[in-house]
Each structure stands twice: as structure tokens, then as C-alpha cells.
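You will see two complexes here that share chain A, one where it goes with chain B and one where it goes with chain C.
Up next is the complex of A and B:
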């Protein structure tokens, strides 16, 4: 009896020391925010300061302030613009191929009547692969002499002996094929999830009304799938723009400089030629472009998707 | 979508195309694993050999001669410690964002913005900063500096944090608020609610996030390539050490790549159900 009484009164006796919800919320995010702010913004400010100075690591490192000189030099350099062009070209063609193929595969799997789970598990496997390691191995697959791709081509009886990584007309295509192999599963998987989460009723109604398959696709599927498609499109575009790993291991910016993307050029300027001033300047310009573009594109979409997900 | 009755021919066509796509997707992975078990004389041959006597020579070479064990050890160390940091920090933050949304969405969006930073733009200042820190006493003590594991741990923590917070917010949102409210009424204080009610319920989401972070850290290349030279090298960069002056040793390359890839293949299969959610930062729930 006695103990029961004590237990009953315990919560009431204990004086609640509480802080407001707002303070508690800030306390919880504080450690993560400190890390993010510190390790994202300090390098950013550092890079900004380097971009206004003369910084040749082979000749005494950080030196005097030069104002906007580095920006002028970089923006007047033909090489810089040619790598920008290469990056945009690669992004443009790769995104078209990956989106088309990915949507196609998603519809194929969506319509499959059996084995869907198995097909899905097999399709996603490339997503586990490190681009750098896989890119390295693909050099063996692309090899003109021992490569298995050219073996298949000749086994099919085609009179074609492509030099995948050596022909200046093919280097970019080889890179796109590799990137497509690696990332089509990403597009397919997310589009498939989008398809599977579509509500059933409008489609049943359309069927009753005798709508054609094309009409349904155009008026129902496409608009309802649009947010997911846009999200995939933006996420892929950002990743394509900042692609580095596979250029570094698969093509090494070659043949010639046909696959020299901005990121690769930036790397070489900074850590091969040790011109940290130019590299930092380009890095900032590049970062600014990506952040502004992706920020504007992603913001409305993500908040809408997040809301819809939260409502479920 | 309409699930119309398809004609038999159409079904066959669909599965034929699916089969072809699966072959295209799986072949490079299968070929990688096969090559890793091939004796040297079956690798540099034209036409390629599909049948051969399997051997472990490539693995023995990679593990003994090329210091690959050290690369594995480094990768594990960096991936596990950075993931631990990320999980602790991000689960607290994500809980706060999911419940109280401090900053009204702006802070959360700022966090995502840092995830959009091109890694190459961050790695250059990191290189310069770690170069300076590495020469100081503190840098030496904490193992932070060029070619020290601390530099990679910091980099990966920084890079995975935004992702982890976003993904975990979506998991915390799934936990009914009523459970917390009734726990509060039962006399639990805030920390007890978090420890005894919320975190146990969020465990699956936390585990999923952790595996994603492990995969990203394990597969990362650029930071490892720029910030390490030798002692702190990780697997993704270490594979390149079989590119010798006398040519590329494809057997050991394949063996090393297989060691790097197979654990991640298993992880991805475990994560299947959550892949879509993870890859879209929690925005799309598969």
C-alpha cells in the first residue's frame, strides 16, 4: 500500500523543468548545424579568398591579393569554355538517353505480370557499384583486343571494330554508355515507384469511358507522373554536371581532350598544375551555377512531394 | 494505369525485352566477378574465354603483394566512424525538423543545398586546409591532415549529413505524434520520450540511413583520391595500384574491384524496399 502511494505521487511531485519547444528544437539541430556550417562554409570562404589572390603552389603558395584578375583570366580562357561545352554536351545527351531508357524500362517492368520483384532486384544492382572502380574495369570491357564488347560485335558478324576509348568520335559515346549503364536503374526505379503510387480510380473511370491508351497516357499518366519525372530529371542533371569519377578512371579526359569535363579540368588546374587560384575561381563559378540552378528547380518540387508524402 | 488484357505475343515481346535489358545490366557485373577468378592466361586473350579453371591467384596477389588489406582496413575505419557520427547527429536533427520544423523549412532547404555542392569545388579548399592542419600538433594527434584518416572521416561526415537528415525526416514523420503525446501525459520528459518512444520506433529508418551512408562512404572516390597518398588510401583509389608500368594487371584489378563491389551489392539487396526513398532524399516513397 505504502509503495503504491509513493509511486502514484512521484510524477506529480517531480518538478518539471521544461524548456520551450522552440529552444528544444534548436538544441537538437545544433550539433549537426555546427558541423554543416563549419565544414561547408569555411571551405567556401577559404576558396573565395584564394580566388582573389595569387596562388601558385609550385611558387610559394598563397600570395598577394589580385582583385578580380583570376576571374578575368578564367573567363577569357578558351580552354575553360571548351570544358564547359564538353560538360554541357555530355549532360545533354546523357540525360536524354537515361531518361528515355529509364522511363521505357519502368513501363516495361510495371506492366509485367509475374517476376516483378525479381526483375526489380536485378535491375537495381548497378546502383551498388562504385563509379570509379567500375569505370576502371570497363576499360577492360572496351579494350579493342581483349574486350568483350568488340567480341560480341564481331560474333554478331558486324564489320565494325570500334576503338571505344581511342577514337575521338567515340570517347564521349563510350562515356555516355557507361554512365547510362550505371544510372538508368536509378531513373527506372524511381519512375516505377511513381507509377505504382498512382491512384487507381481515374484510370478505371477512363476505361469505362472508353478512352484510348494514348489518351490515358497523355491526359492522366503524364501529368500525374510529372513531379516524379521532374525530380529524377533534376537529380540526374546535377549529378551529370558534376560527374568526375568515371572521367577520371574510364576515359581520363581522352581521347585527346574530348571528354575533359569542367570537374576534370578543375582538378588538373588545382592539383596537377597547382594553380589553386584559377581552380578555386572555377570551382566557385561552377558551384554557384549548380546551386542556383538546382535550388530554383528543386525547391517547389521537393516541398510539394514532401507535403504529399506527409499527407499519406 | 490500365491493366488491360495483353495478347500472348505482346507478353512474350515484353519479357524478351526485359530479358535483354537484364543481360545488359548484369553482364558487366558477372564478367567482373568471373575475371577475378581467371588465371592470368585466360584474361589477356582474344577471343575472350568464357570457360576456365577458377583460381584464387588474383585475390592472393591483391591481398598480399599490393597492400590491399590496408586499403580495406582504411575504408572500413573511415566508413564506419563517419557513419556513426552522421547517424547520431542526423537522427537528433531530423527528429527536430520532423516535429518542430525549426526555421520553417528554410533551414532544411539550406541543408539540402550543401548536398548539391559539387564535390570537386569543396575538395580543393579541403586540400589546402588539411595540408595546413596536418602540420600542427592537433592535426597529428587527431589524425587530421593529408593522408590521414581523420580528413576523410570529416569529409564523409560533412557529405552524408545533409542526405541523412533529409532521409530521416521522412522516417520520423511516419511516427504518429499521438504516441509521443500520450507518453508525455504518462509523465515522461522530452528526453525520455525521445529515448524510449521515438528512437526505438525510428530504428528501421535509422538503420536504412546508416547503410546508405556506409555505401556512399565506401564507394567515394574523389576525396579519397585527393586527400590521401598512401597510408590512408581507400579501396576505390587503391584499385588503381594495379596499373603498373608493365601494363594493367586485369586479374588483380578484377579481384580488388570484386572485393569492393560485392558487400555493396548485398547491402543494396537488403535496402531494396527503401532504395527509392533513399535516392530521392525521402521525397518519393517506393
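Up next is the complex of A and C:
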């Protein structure tokens, strides 16, 4: 009986081997590729087509080809560049604060001797809700009359009564504080995971050699953690560049237009004024800029990974 | 880790439930209860036979109050109405997307005054002239306040729907402050004329300045426990800022668009309005004025923070009147608006041209805007558009003052504004222009740009939207 089973299975195994590794790999990624094709590439090609046409949805819809007119209009628009500047400013300051705080918190949790599980659970809470929802909550926290922040400032007896969302000097800061609260846990958790995955042996050897904490940090921890830090830096940068929901719910691009980011402006062009031609053009320019920037940022990481793969 | 997380989540959920159970009641919307009315005529109809229609409308009080009336309609007609409540900020976008796609997702749209011409011009809604002509008693079109009927339903000689809720502006003020002898004497000594609810913009500024006081100073002879402000304004990054400015612009004899479509937004009258608003009103408003819209102003009123509004939505009267309950010693008053010139408007119910059941949809619109439904709506605190309901004696009693005290003033405003209709409401670009204005005016309010720079930006935006320096206007 046993030998019969073996005899029967052998030809089947041989048959399976007839599919080459390459074809097998294609087969595995095919479902994902189909999804990407329909939900990413088709819209991308359609948006590209729209960006070369006149497309005012409320005035005749998709119309004739206009060549590069939309690109010319967008690139000559003061408002567009003003939103680019706002986006870059926001990204620059927010990434510095988020990375610094995130790394700091990760090290604190890593070094904690008790309650790590509880701390990790608490830290992850801001990520458990959608930014659009938390943005609405924070609108009330920032309220000048009924807000919690101003209540505590008054309770401390400080003479300062900030108008968080109404003062043009504070609008951007309020947005950065909110985004920091929301996303520092993400940075902290990824960095913490990186720290926990580091091999123990080099650190034990360094300890035996009498290396100082700073030396260990500079020569071991930082280089070994660099790939994780680079990755989280790139992910957060891309996310910050495409900031929309926090602006939509928290500041509505105010005070004035001090927090009007590119994506919020793009949304207004597309879904308030229904100028799909301008919106598509901006989206493509934005995507191009992000891809180029990500390529440059990812190059060291990718080359390092390629080297490591080659060494194996 | 996993166990801790779920324990924490359970703890938080329980905490939130306890806190929400113990919290004080929100003060923005006083309770409304439908009065006992005669039961509508019922029709026997199987659920399977009911014609389905969908009404997209604003989520919140407007829709909540209408729900029971919708049920009455269903009882009388073999129709099943699905109400889709959408947040006001997304309503226009959502409706336009469905209209452009001709999806037929909505049979009846909820259309803001400035949006009507665009919906009509693009063929998103059906004209109702024939229906109205065939059902004169049912619709009673002449009963709709004429100025509202004109601006909300007419375009290119056709009638495009029926209005069911007006948010026309007047003004609210703390009558008790104006009646106080101490304040009257102090005001007369400072400004040289009697203290009374303002009628001119100079009086608004004087009174707003007079009542703006720091915590510790006296108001009606009693020391204030917190800062008090002369005026509540809707200067946040919302569209309501232009509604406030609208009355000032029209008072100066100008408009956003001329009757020939010329763009007037940076003329002298428009500049005067914005400068007066920024320089002579905002300094006397709470700092939160820069972040709020109408609900925020009502919160300020109910929280004893402001003495009055400038031109403000009269449909908010039930909330304003609630100040008498929330603010000790307060007694609210109503007015027809500064210089008798205010923003007027109403929500229009229009039948989608993609509707699979236009006849039933028109029946529904006629019912909801009809006298019986509007009477019931008014009894719940809704601001009706019908003259016969506004003048109905049951809504002009001391008992109904808290809900319908503004009705008499609405009639006066309609009369005052009968010839002052903004041309914006007759432009197919009206919605886009209207949607663009709020964030631009707001830049002047927060001091980011001067009124002159802001109006130049607004002018350029109008040119961009209209494709030239003349916007189409069709009356």
C-alpha cells in the first residue's frame, strides 16, 4: 500500500517541476499585478490623458486636446508654487520633529525595564483612528474658548492665550504638532522593531572592550540601524508631502492660506471647482517630484541591499 | 502585547461611554418635538410596489426635522423615500459627481441658491414649469415668498424646483443689554446718541466697541468673569464669511457681478465692505471668530460671550433664543439686519434629470415644499419659505416665540430685499464663484493680506473661473 502511494506521487512531482521558476514567480505576482494595473496604472494613464485635455466637469466635461497648456498654466500659477512652498516647509519641520521624537521614544521604550507591552499599546493608540477623525477632535482641543490646551495654559497662570487655528503665525505650528502626535508612534515603533532585531554579539563585545555609550551609538547602533531609519524617513517624507486629511479637517487650509498644501489645493481644483485637467496635471507633477526624490533617497539603501545580496 | 492592547481598548471604550453619559447636553440645537397633527390620509400599498426615490440632502437638523414629514408622504403615496444625509461641506461635490456621471443615484437634489443656475444650465435638474401648471393648488407657487421664489427657483425663464428651507439673514442681539439703564447712560455719554439695536454700520461698530470688555469690568453693573465681546462674526475659513459681507456689499449698491456679468468684486463698494469688516468689526469679535462659522457664533452667544451678531442667519433663531436659558439674565431680540440689507437664500429641492421616476420625485418635492408639510416643519422650528405659514397666527404667539419668533422678521426682510437680488444667483458659475470666495476673504480677516490684495486675488479667481472678465448671467 505504502509503495503504491509513493509510486503514484512521483510522476505528479515530476509534472510540477515542468513549470520554470520564472513562470512560477510570475504566477505568484500576477494577482497583485492585475490589481495594480486596474487600480493604479489605468487611472494613471487616464489622468495623463486628462492632463493634456480641457476638462471642466461642470462645463461640458472632457473636451479637446490642449497640448501642454495645462502644464504651462499650472507651472505659471503663483498659487501652485505657494502651496508647494507650504508643503515643503511643513514636510521639512515635521520630519525633523517626528524623526527626533520617534527615535528618542524608541530608545526610551527599548531601555525600559518594565511595562513595555503597555507602553507599546499606549503609543500605538493615535494610529488606531483615522486622521480625519482625530483632526476633528483636535479642532476642539485647539479651540480658543473651549479648548483643552488653552484651559491648561490658563490654569498654569500664563498670560498667553494662543489662537491656535486663527493666528497666521501659529497655524503651521498647530498642524505640525497634530501630525507629530499622530505619527511619532509610527516612527517609534518601526525604530523600536529595528533596535530589537539588532544582533547582541557586537554590543556585548563592545561592552567587554570598554566602549562608551556614545561610541557604541556612533559605531554600532547608528550604522546598523541606518537602513531602518532611511526607510522610515522616506515613508514619512512621502506621507508628509501628500498631507491632505489633517488640513481638510483641522485647518481647512487656514488661517488664511498658511496651511494650504499641494494636495489640498489639488483637491479643491478637482472636487470643488471640478477642473479635472488642472487637478490631473498637478497630480502628475506631484507624483513625478515624489518619485524622483524617493529615487535619490532610496539609492544608498538599495545599493547597500544589492551589495549584501551580491555578497551572499 | 496583544492581551494588553485589548484590555486597554476595553478600558477606553468603557471610559468614553461613562464620560459621554455624564456629560452636559450640547447646546447647539434645542430639542424640537413634532406637534400633534391630524393623521395624513393613508394609502394602502405593498412595500414591494413602492416606487423608490432617493433624496440627497444636508445631514443634521434640516433633515432630522424633515424625516417625519417624509413618512407622511410615504403614507399618502406609494413611494419609498431614502434620505441620504451628507455633510454640508461635501454635499455639492457629491451631487455634482453623481449628476455628471448621470448615475441616477439621487432623484432629488438639495441645491443651495448659488448652485441653482449651474445645475439648470448643465441640465442636471428638470424644469418644473409643466408640473406646476398642471398642479397649481398642490404647489401653490405664488405662496412662496416672491423674492425667494425668484432667486432660488428661476433661471432662463423656467422654474427649476421648489424651496423648502430659508437661511435668510437678519440680526440677533442681547435685548437685556440694550434695555439696561446703566449701559444706556454710559453709551449716551460716550457716543452722544441713545443705545438701541443698531441700524447702520457705524452704529454696529460703536455698539460692538462699547460692549467689548475685559474680565473684571462691569456689564449691567456686574463684574465679568470672562472677556466679553461686542459682536460675533463668522470669519473662519468657510463660505459664511461672504454671506456676512453680502449685506454690506448690497447696501453699498454693488454686487459681486453686474447684471451684464461684469466682475465687480474689487470695486469701491466691495472694498468698503471688506475694509469695514476687517478694521471696524473684527477687533470687537472674540478671537475664535477667525476659526468659526454660524454654529460657533451661536455657541458664543449661548455662552454669554457676545452682545450681538451682525447680519446672521435667522433660521438659527431657536438656538439664539436658547441663550435666555443658558446665559443668566439674557433676553434675546431679533432685527431685520443692518441697513435693512442682508443675504437671502434658501435650499431648493430639484429633480434630477437622471431620475428614473421624475413624476414621483416631483410629487415628493411638491409635497415637502407644500403648505401642510411646511406648516409641520415650521412647528418643529424649521424656517419655512411660504408666506401663508410665516403669517399663520399659531406661529406668532408668545408660546412659539422660542421657535418661530423670527417669522415676522423674515417677512420684513423679504419685503426689504425684494429688489436687491444678487446677480451671482443667476450665473451658471455661481457655485464655483461662491465656493472660491470664503477662503480668499478669510485671508483678509486673519490679516495675512490686505483687503486690496485679497480683492485683487478674488478678481483674478473670478476671471479664471469664468474664463474672462465677464461671467455669464442669465435672468
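Going forward, the second predicted complex is superposed on the first by the 261 of 312 C-alpha atoms of A that agree within 3 Å, B and C clash if a C-alpha of one lies under 4 Å from a C-alpha of the other, contacts with A are read in each partner's own complex, and residues count from 1 in each chain.
Assume a residue touches a chain if its C-beta (ideal position, glycine included) is under 8 Å from a C-beta of that chain, and two chains touch if they have at least 3 such contacts.
Note that the structure is a prediction, hence the values are computed from the model and not measured.
Contacts of A:76 after superposition on the shared chain: neither chain B nor chain C is touched. Of the two partner chains, chain C is the only one touched by A:161; chain B is not. In the superposition on chain A, A:203 contacts chain B only, with no contact to chain C.
By the touch criterion defined above, A:221 lies against chain B but remains apart from chain C after alignment on the C-alpha atoms of chain A.
Of the two partner chains, chain C is the only one touched by A:255; chain B is not. Residue contacts after overlaying the shared chain place A:121 against chain B and chain C alike.
In the superposition on chain A, A:272 contacts chain C only, with no contact to chain B. Shared-chain residue A:244: touches chain B; no touch with chain C. Touched residues of chain A, counted separately for chain B and chain C, are more numerous for B. On chain A, the surface touched by chain B in one complex and the surface touched by chain C in the other have residues 120-122, 124-125, 145-146, 271 in common. Contacts from chain A toward chain C in the complex involve residues 57-59, 61, 117-118, 120-122, 124-125, 143-146, 161, 163, 165-168, 251-258, 260, 271-274. If you check the complex, the residues on chain B that touch chain A are 1-4, 6, 11, 14-15, 17-18, 21-22, 24-26, 28-29, 31-32, 35, 43-48, 89-90, 92-93, 95-97, 99-102, 105, 107, 109, 111-114, 116-122, 124-129, 154, 157-158, 161-162, 165, 170, 173, 186-187, 189-190, 215, 218-222, 225-226, 235-237, 239-240, 248, 250, 253-254, 256-257, 260-261, 264-265, 267-269, 272, 275-276, 279-286. Within the complex, the chain C residues that touch chain A are 1, 3-5, 8, 12, 92-93, 96-97, 100, 118, 122, 236-238, 286-291, 299-300, 303, 305, 428, 431-432, 435-436, 439, 442-443, 446-449, 465.
In the complex of the two chains, the chain A residues touching chain B come out as 10-11, 14, 16, 18, 21-22, 24-26, 28-29, 31-33, 35-36, 39-40, 42-44, 46-47, 50, 105, 108-113, 119-134, 136-141, 145-148, 151, 155, 181, 184-186, 189-190, 192-198, 203, 206-207, 213, 216, 221, 228, 231-232, 235, 238, 241-242, 244-245, 248-249, 263, 266-267, 270-271, 276, 279-280, 283-284, 286-287, 290-291, 294-295, 298-299, 302-303, 305-306, 309-310, 312.
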